[in-house]
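Next, two complexes with subunit A in common: one pairs it with subunit B, the other with subunit C.
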Partner chain A sequence: MLAAILASGLAIGAVYALIGVTYNTMFSASRVMSFTAGQLGMLGGVFGALFILRLGLPPIVGFLLAMAGCAVMGVITEAIAVRPVLARLDQHLYVLSTLALALMIQQVAAIEWSTEPQPFPRLFGIGNGDPFDEKFWLPLVACAAVIIGLELLYRRTLVGRAFLAIAEDNFAARALGLPERNLRIASFALAGVIGGLAGFASGELMLAFFANGAMLSFYGFVPVALGGLGNNRGAIIGGLGLGLFQQAANFTFGGVFASVAVFIVFIVVLLAAPQGLFGAPVARRV
Partner chain B sequence: MTITRRGFALGSAGALGVAASGAASGLARPAIAANEPIRIGWMGALTGPLAAPSIGFDRGTKWIVAEINGAGGVKGRQIEIVARDTQGDPTKAVNATQELMARQKVHAVWGPVNSGESLATTPIMARQKMPDLHPCVVNSLIDPAKYPNAYRISPSNTQWDDAVRNYCMNILKLRDVAIFGDSTGYGTSAVKDSVAGFAKAGANIVYQGVIDPNQTDVTPDLLRMRDAGAKAMVCWSVTTGLNARLMNARAAINWNVPIVGHPALGAGEVGKLVDKPANWQNVYMDGYRSCSFGPDGKLPPRSQEFVDRIKGKIELGDTSLWWITCAVDAINLIAKAVAETGSTEPDAFIGYWNKLSRYPGLFGDYTFTPTEHNGYPTDEVVMSAANSQRDGAYTLAPGYT
Partner chain C sequence: MSTDTESLAPAAPAAGRGAQVRLRAALPFVIVFGFALALPYITNDYWMLIGTRAAIYWVLVAGLNLAVGFGGQLAIGYVALLTLGAYTASVLVAGNLGPPWPPIAALGAAGVVGAIAGLIIGLPALRLRTFYFAMTTLGFATILTQVALAWQSVTGGGVGVPGPVLPKPFDSGLGFYLLCLAIAALCTWMTSNIAHSRFGRSLVAIRDAEVAAEATGISKAGLLIAVFLFSGATAAIAGGLFATLQSYITPDAFTFDLSVLFFIAILIGGRGSIIGPLLGTIILTVLPEFAAPLVAWSTFLYAALLLLIVLLIPGGIADLLDFANRRPLESHRAIVPRPALLAGILDHGAARDTIALRGVVLAFGGVRAIDGLDLEIRPGQVHGLIGPNGSGKTTTLNVISGYNPPEAGRVALGARELAHGAPQTRAGLGIARTFQTPRIIGEASVLENVMIGGTVDGTATFVESLLTLPRHRRDEATMRREATLALRVVGLEALAAVRADRLQHSELRFVEIARALMVHPRFLLLDEPAAGLSTDEIARLGELIKQISRCGTGVLLVEHHADLIFDICDHVTVLNLGKELAAGTPADIRAHKEVVSAYLGG
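Showing the complex of A and B:
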């Protein structure tokens, strides 16, 4: 019983964590919370099922195409929903623009793909629904790969350092001659890949379903708020914790009461630490 | 010629007088009424996510109308279907209802065919006493005192629940049950009704609850049911993803108790989502005797004759046979009322239907009275093996003869 709760809790927690990192990656480059993060996760699953099951492509080709498709969607998000907003003084318009784009993505997926959940291919055929089934550990592997990849990118590459520079202070970065717009576009493409990877790796668990987008946008935001905006370490710990707590609450309370328990804890944490568990209080110029 | 106010008033009075004297003396109706088409409003969600049942109903509707009209119509009157696509949206259904009654002047309505829409349209049709046949399951849609014009030609939720309870307690002989549904409005209310029914029948309800239809892993819920001592799971969910996850999780924890419940357990989409075909075994859904293959592998004679007749004319592979036969019955019931009474007035339909006893339809034998507008016989509701769909029909669950 404990193994079942741990396996599914960590798996779904890893997905929430990756969506949290997707939010953060887009936020760092633009200071915009893009609500398309969950839809990128949904598209990872839908593209995977489309390329591998429906079109019959080899899994590795399907995976690469799915990631490319999600990267393109990230770039489209930047071009349609973010860039026009950044040109305005009132940046809070992003709430409308990114939400509108997220709804459009969801509706197109519903019309063109299916309104019913569709199967996702078994990638390795390991496990039989038990706690060691691949559907439970694939999201964890994806999460680990993203953590390592981002560490290497940010600490070992010039492009990664440039990302950090615009995340820290984009005015100063621009003054130093960094191509802020191109870096922002690249950041959104990277966010698309991370979101898509979350959806692809969890496809066997969550199925290829258009409604996953809204659910992931919602639950993926919780670790961001819990861990502190822009803090990837906080998002990963918050996501894994959320998944474990949610599954434990499912077992203890059952059904919809589990969601109530999750959000009670969420509110209590935010009341105790408004900046998130790992976020630093923001200094305000006076 | 100039029309004056006095001339118009005199002429109108004269015309009214002639009409009144004609009516009083029982003169025959004008020829136009005798030959005018019988206009039937047909409302279904023909497009959109809820379209699958309506497409099946639509096939049956079109087929029977073509048959009746091809045979000369109803006492020489052709049937004219005025179809409206409600897209599963109650607002669109309300607009369509008003348009059908006010502008199209339909004589009777068939549909809507989902409960959400019917909840919105039934009171509107009742105000104009528009004769209405529908196949929607929500119990409150039928109330002869409030809606004397509305008749149900499919089972109600209570009848579905009766069949599930009968199967669990009397055929499988299992009294320890877990009852749950999805957390939609339908699932929540169905669980409540089902729990009340099982409790009244003396069952031991060891678990009850609702599950978020998007919950990715239902293992914790199943473990709770298993630990509570459930010997059968009663499931009220229309969500194919949740139903499939339930079956996969049951297999993963190696707990092969029967799953019994809503017809969506047998939806074709579930078959695509189960990890292996064996996971779909020992699952039983509400079905109908008229649309079930018996132990001999055959449909009842009346249904088999119909299936043979429509072979090559109506596609059955991607739909449910009962959607088609129910639609055929709806149009036949309207046509029969006109044929027997010679009238398309609301009172004629209502008066005729209120006296029907065991009317032999394709989907079932219908009985209505002035105080009972649930016309579908409870003994026709049976359980079917969920994984057995073939040509729109299912195999009877084990235990039925």
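Showing the complex of A and C:
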């Protein structure tokens, strides 16, 4: 049983961690937390099943198309729900605009795709449901790939450094002549890919299901909140920890109590440390 | 100031006019509820059912409106409270937990459970940022549905449980409709009482100008606790009625769509309005009846509507109906304060205590913003605080008013140590302040903005205001009278009814002073009050400040206008790099070599 808990816990945890990184990537570029983060994950799974199973495309083509679709959704998020309200950020309108967009995405998926969970294609056919089945380690591989990819992007490339500059100080970055708006759009496309990858890699585990979006939006937010906004290391550690905790509770007590337990831990930790465990203190107000 | 004598006569609005204003404000509600009463006689049972549903939704939305529309707290998952109320009432009546309860008692119990749950759901708002809070309310909604599904012995799980059947005469369609309508009317009345009380104004203040709200002594915690208790109770009672209307409830009945509907009803209606969300609720309840083929897309349409409102008309219906504030204002307005009227406000006699700072140190990162400062503000004097940018003037003011806790040193009022980092305690001690950038509630009227300043003087409790008991009415009359007087003192009474965001910058500075006067300040801290004012206005401001100090109030004046400082100050402190560079009478400072070369020039 321990092996099963570890396998599913780490797999689910890797998905939460990736959604957390999706939140962070959008937040770093715009200071906006977007409800669409989880929906991007849902779309990764739905697009994958749509292109590979329903349309019969080869898996690699289906994968690339799914990532492209999610990147486009990221850009749409930026254009519709983020950019128009950035000027009025103090009114917290972005909470509502991104929520509205997330609901719209979810509803279209429910009506045009299916309201029932749909099967996701076997990608490599490795394993037969045991703890070393591909459905358990694919999310972990995706998570590792994203960590390494982001690290290379941020450390080795000019665009990556520009991302960091925007995240650190938006105004200063603009004063230096960085194309803030284009970088923001690129960040949202990148966030779309990361979220989509989470959904695609976990498709065999969580299936292509419209309701995954709202679920991922919540459970992906938990590690971000606990780790501190914009802190990817916190999100990944928190995500893996959350997955393990949830699966352990799930196997020992059953589903509902696992959800309740996660929620209570979330609330208690947040109330004790509103900035997250690794977060920075709030800015001066007066 | 030739107008002083005539304006000393009270400008009491005729009692008849007050009644007329109230009548005009009530008219839309009378029309809506009058139509609702006529509904059973002009349509069929089906529409009465729709009407019942609208009334039940409004019972919930009315309470939620205080938290969301007025308080700006984004409690998105309020369907959780509807669910909780529905199950509490149904389960108690069905006898799944102990002996069966009578339906009306069960409805009451639902209200109590809802109030407690509302508090639990709402409390994180005190600690968490907007998005976090929205997320936790969402989480509650999800968890509650899961619990309802899993706790089969009590809730019937996926099979569900019958809703309570109310006793005669409420068991018929008409009887139940009228009951729901009566409760809806009661909720409308109560929330509108709160909206027009210091609680309603304080809610808007913490939404739009939280820092200023703290400076006027508003306790966010106490206020939000009261509001979440109330809105939790009404939401759960709405849930009980909803269960009766459905006659059978399962977890499926409480989709997230409902939460979105409640939320959008408020936003369509407009924040800080009651008639707007009422109309919004009716429109959103009735709309699907006319768009039957689109039922599957209803959530999508609601969400699209939400997006459109947020992007295009953040003011909602209420904003569209606000004709009075579209009339152009007089373009050449002069602000003519009337210091002679000050005695009516600052009647506390001479204070004897002083505010004393001893060895205060405060650093931001590596920068020592204040570096061992001693300062004394004496009653009846104007104390000027000048210095180059970044010399620690505003920070000093923030330390006194409690926003920035110092790292070392003490701040005392007389013998009493002032608590660090507790700005909401200052107004009660008679310490008022203004801000470098005026912190004003743009959507509220000028008069309401000034009335905010009198919050600490209110005596009526939340419940008394809910029911407009005598103490509440006395409070309101006093605050209105004093605020009108304060506006006359600063010379802005002609603009009392105008939305504050329509005023000019210079006028906002005087509104802030009027608001500060409502505290009956024994000490008044002014942060660059002359910035952006014309020469004439500065002269009048100087006279006003001087007269305020002559009434016994100690004034701390942070300013860059050297002329104003030297004209009206009794004592001047010059700061540089967080330290005192010089201190003394204006004449001393003018003669001080270092000050002249470093700061004044010449």
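Going forward, the second predicted complex is superposed on the first by the 277 of 286 C-alpha atoms of A that agree within 3 Å, B and C clash if a C-alpha of one lies under 4 Å from a C-alpha of the other, contacts with A are read in each partner's own complex, and residues count from 1 in each chain.
Just so we're on the same page, contacts are C-beta pairs under 8 Å (C-beta built on N, C-alpha and C of every residue); 3 or more make two chains touch, one makes a residue touch a chain.
Since we're looking at a predicted model, the values are computed, not measured.
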Touched partner set for A:M206, first subunit B, second subunit C, both or neither: first
Subunit B versus subunit C as contact partner of A:A4, first or second or both or neither: first
Touched partner set for A:I267, first subunit B, second subunit C, both or neither: second
Touched partner set for A:S259, first subunit B, second subunit C, both or neither: both
First, second, both or neither for A:R156, with subunit B first and subunit C second: neither
Touched partner set for A:P84, first subunit B, second subunit C, both or neither: second
Common interface residues of subunit A - those touching subunit B in one complex and subunit C in the other: 254-256, 259
Touch list for subunit A against partner subunit C, complex: 33, 80-81, 84-85, 88, 91-93, 95-97, 99-101, 103-104, 106-108, 111, 214, 218, 221, 225, 254-256, 259-260, 263, 266-267, 270-271, 274, 284-286
Touching residues on subunit C, where the partner in the complex is subunit A: 72, 74, 76, 124, 127-132, 134-136, 138-140, 142-143, 146-147, 149-150, 210-211, 256, 260, 263, 267, 296-297, 299-300, 302-304, 306-307, 310-311, 314, 364, 394, 398, 403-404, 435
Residues on subunit A engaged by subunit B in the complex (per definition of touch): 1, 4-5, 8, 11-12, 110, 115-119, 128-130, 133, 202, 205-207, 209, 211-212, 215, 247-248, 250-251, 254-256, 258-259
Residues on subunit B engaged by subunit A in the complex (per definition of touch): 49, 180, 183, 209-212, 214-217, 219-221, 223-224, 240-241, 244, 248-249, 251-253, 269, 272-273, 275
